[in-house]
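Each of the next two complexes has chain A plus one other chain: chain B in the first, chain C in the second.
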Partner chain A sequence: MRVNKYWSVAVLALLVLVLPRFVPSYAAFELTFVGAYAIGILGLVILTGTNGQISLGHGAFFGIGGYAVAILAQKLGVPFWASVPLAAIVSGILGLGLGLVALRLEGVYLALATFALAVATPSTLKHFKSLTGGSQGLAVPSLSPPGPLHGVITSEQWLYYVTWVIAGALFLLTSIALGGRLGRALRAIRDNEVAAISFGVNPQRYKTFAFGWSAAYAGIAGAIVAIATGFVSPDTYTVALSLALVTGAVLGGIDTLWGALLGGVIVEFLPLLVQKINPAAPSVVYGIALVLFMIFLPGGIARSIQAVIHPLRLRREIHHARS
Partner chain B sequence: MHVRNRPLAATLAACFALSLGVGAFAPAAADEPGITPTEILLGGLHPYSGPASAYGAIGKGILAYFAYVNDKGGVNGRKITYKDLDDAYSPPQAVQLTKQLVEQDKVFAMFDTLGTPSNLAIRQYLNDNGVPQLYVATGASTWGSDGAKYPWTIGWQPDYQSEAIVYARYLLKEAPNAKIGVLMQNDDYGEDYLTGLKTGLGSKSGNIVKVATYEVTDASVASQVASLKAAGADTFFVFATPKFSIQALVAAAQQSWHPRTFFNSVSASATILGAATKAGGEDATKGLITTQYLKDPSEPSWADDAGMKQYREILAKYAPGADPNNGFFAYGVSIAFTMVDTLKRAGKNPTRKAVMDIANHLHETDNFLVLPGIVVETTPKDRFPIDQQRLARYDGTHFVPFGEIYAGRGRGR
Partner chain C sequence: MNELAQQIVSGLATGSIYASMALALVLIYRSMGVINFAQGEMAMFSTYLAWQFAQQGMPLWIAFPLTIAIAFAGAVALERVVVRPVERAAPLTVVILCLGLLITFNGLAGWIWGYTVRTFPSPFPTTPLHIGSAAFSSQDLGIIAVSLLSLGAISLFFGKTKLGLAMRAAALYPESSRVLGVRVGWMLALGWGMAAAVGALSGLMVAPVVLLEPNMMQGILVYAFAAAVLGGIDSPVGAVVGGLALGVGLNLIGAYVPVIGTDLQLTTAFGIIIVILLFRPAGLFGRRTMRRV
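Take a look at the complex of A and B:
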């Protein structure tokens, strides 16, 4: 059964690897965004799905990541391979800070506090004009493939591979971490904080860490989107972005890694798809989908698929056990 | 697991090699993209959702005008298809949708994408690929002034700086020793206006006795207005978005301050001034001065104007349900007129290069929604299609144009 799981991951990795050769360049470009959004939503899977803390303000960390890369590149000439980890560190530290505040808030109050963060992000970015370029935004240098690959692949394809390698590494890391002691502690706090304490888990420490960890992921996602766009501006990081990330997480499946991946696909393609029906519809569709999923499929698409596959798998295992 | 891993790794490696080996797709070297014997395909982006969705009306105005032109036979026998997508005022979406429009839909040109950030984000890509980025809907000055670096990009409407220059010129003639107080939004939009004002005043820049700024998050601008009054200003410049503009006018009236007021065109609509008059009394708004370059559809004096009648007929037929008094529809129809004009002049076999060349040599005197006397005009050295404006004074119920036509950037007329 474990082998099965590895093979499905391998097939996916293969698909990611060869896809740019069979789709037009702009489609590879869109898939880069899927990877970035999946990383951002992975942060929500950790924070909300695993640890039970709600954040409606992850767009802010997305923005911090984007601006970190832009400022580092433009003002200090820091190259991509260094600026993305730095973006993760900056948003991670700010996430830890918010995590400390979040300790005192729960449920709807935490949702409101993080929502306020999302609301305040664009005007805060405009305020520090000398650093952020104000409402005009900042240009981000594009990423060209390294020497030997020059001319072999386009810069869009290169960014695609870089993004998916980062995404793969982060998914692997997260899978290992959540499968072990850390994941158990986070889940224990989510399910019953008092019980978790009695098992020796320090909720303060873990909850703060979860915020920092997931904010770092959002920062990386924001950094990649900024590089792909070639531009950052304050009005990119509105409440709508934060809500889109949450919607993607809920629709995809907020407590599984596959859910994060599906969430990335949803955030990227749902608005494009819905636009074909009615230009003004995306936010309406987001809202309706969110309500319907919460009522009928609270585990999201990923859990629903598993629910279909799982009974079969269960039966097979019983069969194996008998024989 | 261990044993299984080896073939897996081998497969991955093989596929990577394969993926590099397959040749790149050769672009279809053929005729001009987006042009068929029966169709011209244009792409555009407007925020139909998100914080700036009010501007979506511009896109609808454009679609209405293109439908009207197509019904009349199109442009040189071709119908215009305008693929107008929603970028929600978000640069990442704008970049993706633009690549899709250029690479998948193969649009001939991008036309009237709205918003400074979105246009800045797609400018490099479009210029790298030689795709015209025509008549962008933003008031930043870079569209006209950076033509050497971005030859495939051009704006349309007057930029904020040139509007402020017009105020300065008028003021220098009326009251060369006015004491000027400026209220401005603390961002690039406000800065653009202030820069223009200083440029226009030239050696008289010292006439500005105080500049008070506000943040978009401020609750009120009353204290800023008080500080301008206290500085002894007798002339009041309002470079602010609608909400703060209303507050500024009302605050001045409440503080019994009655300066000569200049009011940025961004906020100068009949609805906004109606609200300010209601809250602050007639004294708050009467006599204030703004600029106009388009006919204001909510202005009753245009009711019998042939151009305005045509505009109302087009909207009624091709955009039923649209409120013709909304100036954004008029903006859309008017800018679409310039686009059609450009395509017409490009002749039977339009090319991207030819269209850009025409955009750099505009001389349009018959745009039916542009104020009479104003010419939509460019030269390769002056890439600001509209920079003539007319002053208008608010008489308590509507705007009355007066005086000559000003050219913001000093282009001779």
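Take a look at the complex of A and C:
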């Protein structure tokens, strides 16, 4: 099973490496978004799936990441390699702040507060015009490939590789962290906070940290999307974005890393696929899928595939979902 | 002085809309312990139905009651078919299911009626009402009157009828109620129906003001959250008082505190939610809950 896992990761990495050679440039562009959304959803896998804290407001951190890159690049001339980590730090710190608040809110209340955050984000961004450019938003300089690669690959392909290297590193880091002591503590708090305390786990510290960690990922994702689209504007970061991230996480599988990857694919390609029918079709499909998944497949696609591959796990999953 | 009175009355009008939405949320919270995130979008969808009826030439005094009846029946059906399978699941599951309904209704309205902003007929006269030297908008006064009447009717229903008693019992003590022959499942469905009816009413009242479009209730829902939290999320009286207080407060801030103005009203609502939940989670009228660990 272990071997199996390494093989699937290796095949995936190879696929990511060679794919731009075989697909048109706009497809590489779309796959960049897949990588970015996967990073953002990975944050929700950590926060909601692993630690049991819901956030309907991650679109706000997405926006903070995007605006951080835009402001740093436009007003201070900070280059890409420095602005993305800074974006992660800024949204991570704000995430820690919200995490401290979230300590006192449980379940439904946290959902309510973060939903309000998501709805309030665009008008707040519009208000601080001198910093955010108001409704117009800000332009974000594009990323061109470094000297030796100039002319060899397009800037879309370069951003694609940069994105997937970041995504790969973050997925690896997350996999290691969640596989160890940190992951055990987060899961223990999710499953039974009182029991976790009696085993010496400090829930305040871990829950706050999980919020900051997850917000930092959303910030990185937002930074990449801002660079890819070339601008940031308040109406990008509506409640619809926050809900799309949650939808991707739930449909993909909110408690597995594979779920985050699948979620990224869903959030990018499902709207492209169905909006030919009607501009409102993505919402209808998302919404109905969410309802059906909650009733029939609360573990998401990733867990369902695993259940097919490992039938013995199936019973445990069903048990887990019911409890 | 006159201006202040006018600001307060118009604040009470928006406040009574928040109060109706907040009451709809509280009705479901009391019976199921969850927030129906789709409440706003269900109200928006109902409002579109009324608009459609009016477009077909139906007079408003038939179209509005018909819409409210459809909202009621639709929500009862929705509870029975969609919500029932997850009634006993973890709160997060129900929350995500409600989000699914939110996204679905939003998309359906966009699909059927498009995203163009439309004007919505107001059932109230446009001539202002003069009291002393102050002029009040008839629409504002109408909204306040309709909301207070409907809230009064609901409180009479819960306080004075047997069905209302059964619904309260089913919400507080489901097991004992079942033993005594109350059909708890149907009481929940009825709660959903009533919440949707109150929500639809607030949609019909607010649509002439904010104009009809698929996202029109998102902000209202957040104000209703703030109102419900302010009043205490399990208290119907609190929802009404919270809604009115929030409406007046935000209106006065919008008029007299230029730093916040109208841009940051949603941010203020978010701030109120956070501050209340942090420092007085039971709100003004809610019960403090204790938990044995």
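In the analysis below, the second predicted complex is superposed on the first by the 311 of 323 C-alpha atoms of A that agree within 3 Å, B and C clash if a C-alpha of one lies under 4 Å from a C-alpha of the other, contacts with A are read in each partner's own complex, and residues count from 1 in each chain.
Following the convention adopted for this analysis, a contact is a pair of C-beta atoms (placed from the backbone, for glycine too) under 8 Å apart; a residue touches a chain by one contact, two chains touch by 3 or more.
It should be emphasised that the depicted structure is a prediction, and the values quoted were computed from it without experimental measurement.
By the document's definition of touching, both partners, chain B and chain C, reach A:K126. By the touch criterion defined above, A:T247 lies against chain C but remains apart from chain B after alignment on the C-alpha atoms of chain A.
Of the two partner chains, both chain B and chain C are touched by A:S283. Of the two partner chains, neither chain B nor chain C is touched by A:F199. After overlaying the two complexes on the shared chain, residue contacts for A:R21 are found with chain B alone; chain C is out of touch.
Once the two complexes are laid over each other on the shared chain, residue contacts for A:I54 go to chain C alone; chain B is not touched.
Shared contact residues of chain A with chain B and chain C: 120, 123, 126-127, 279-283. In the complex of the two chains, the chain B residues touching chain A come out as 1, 4-5, 8, 11-12, 15-16, 18-20, 22, 24-25, 48-53, 56, 84-86, 88-93, 95-97, 99-100, 102-104, 116-117, 120-121, 124-125, 140, 186-189, 215-217.
Residues 29, 33-35, 37, 82, 85-86, 89, 91-93, 95-97, 99-111, 115, 214, 218-219, 221-222, 225-226, 229, 263-267, 269-270, 273-274, 277-278, 281, 293 of chain C are the ones touching chain A in the complex. Contact residues of chain A toward chain B in the complex are 2-3, 6-7, 10, 13-14, 17-18, 20-21, 24-26, 29-30, 33, 120, 123, 126-127, 129, 134-137, 139, 152-154, 225, 228-233, 235-236, 238, 240-241, 271-272, 275, 279-283. Within the complex formed with chain C, the residues of chain A that make contact are 48, 52, 54, 56, 101, 104-105, 107-109, 111-113, 115-117, 119-120, 123-124, 126-127, 194, 239, 243, 246-247, 250, 278-291, 294-295, 298.
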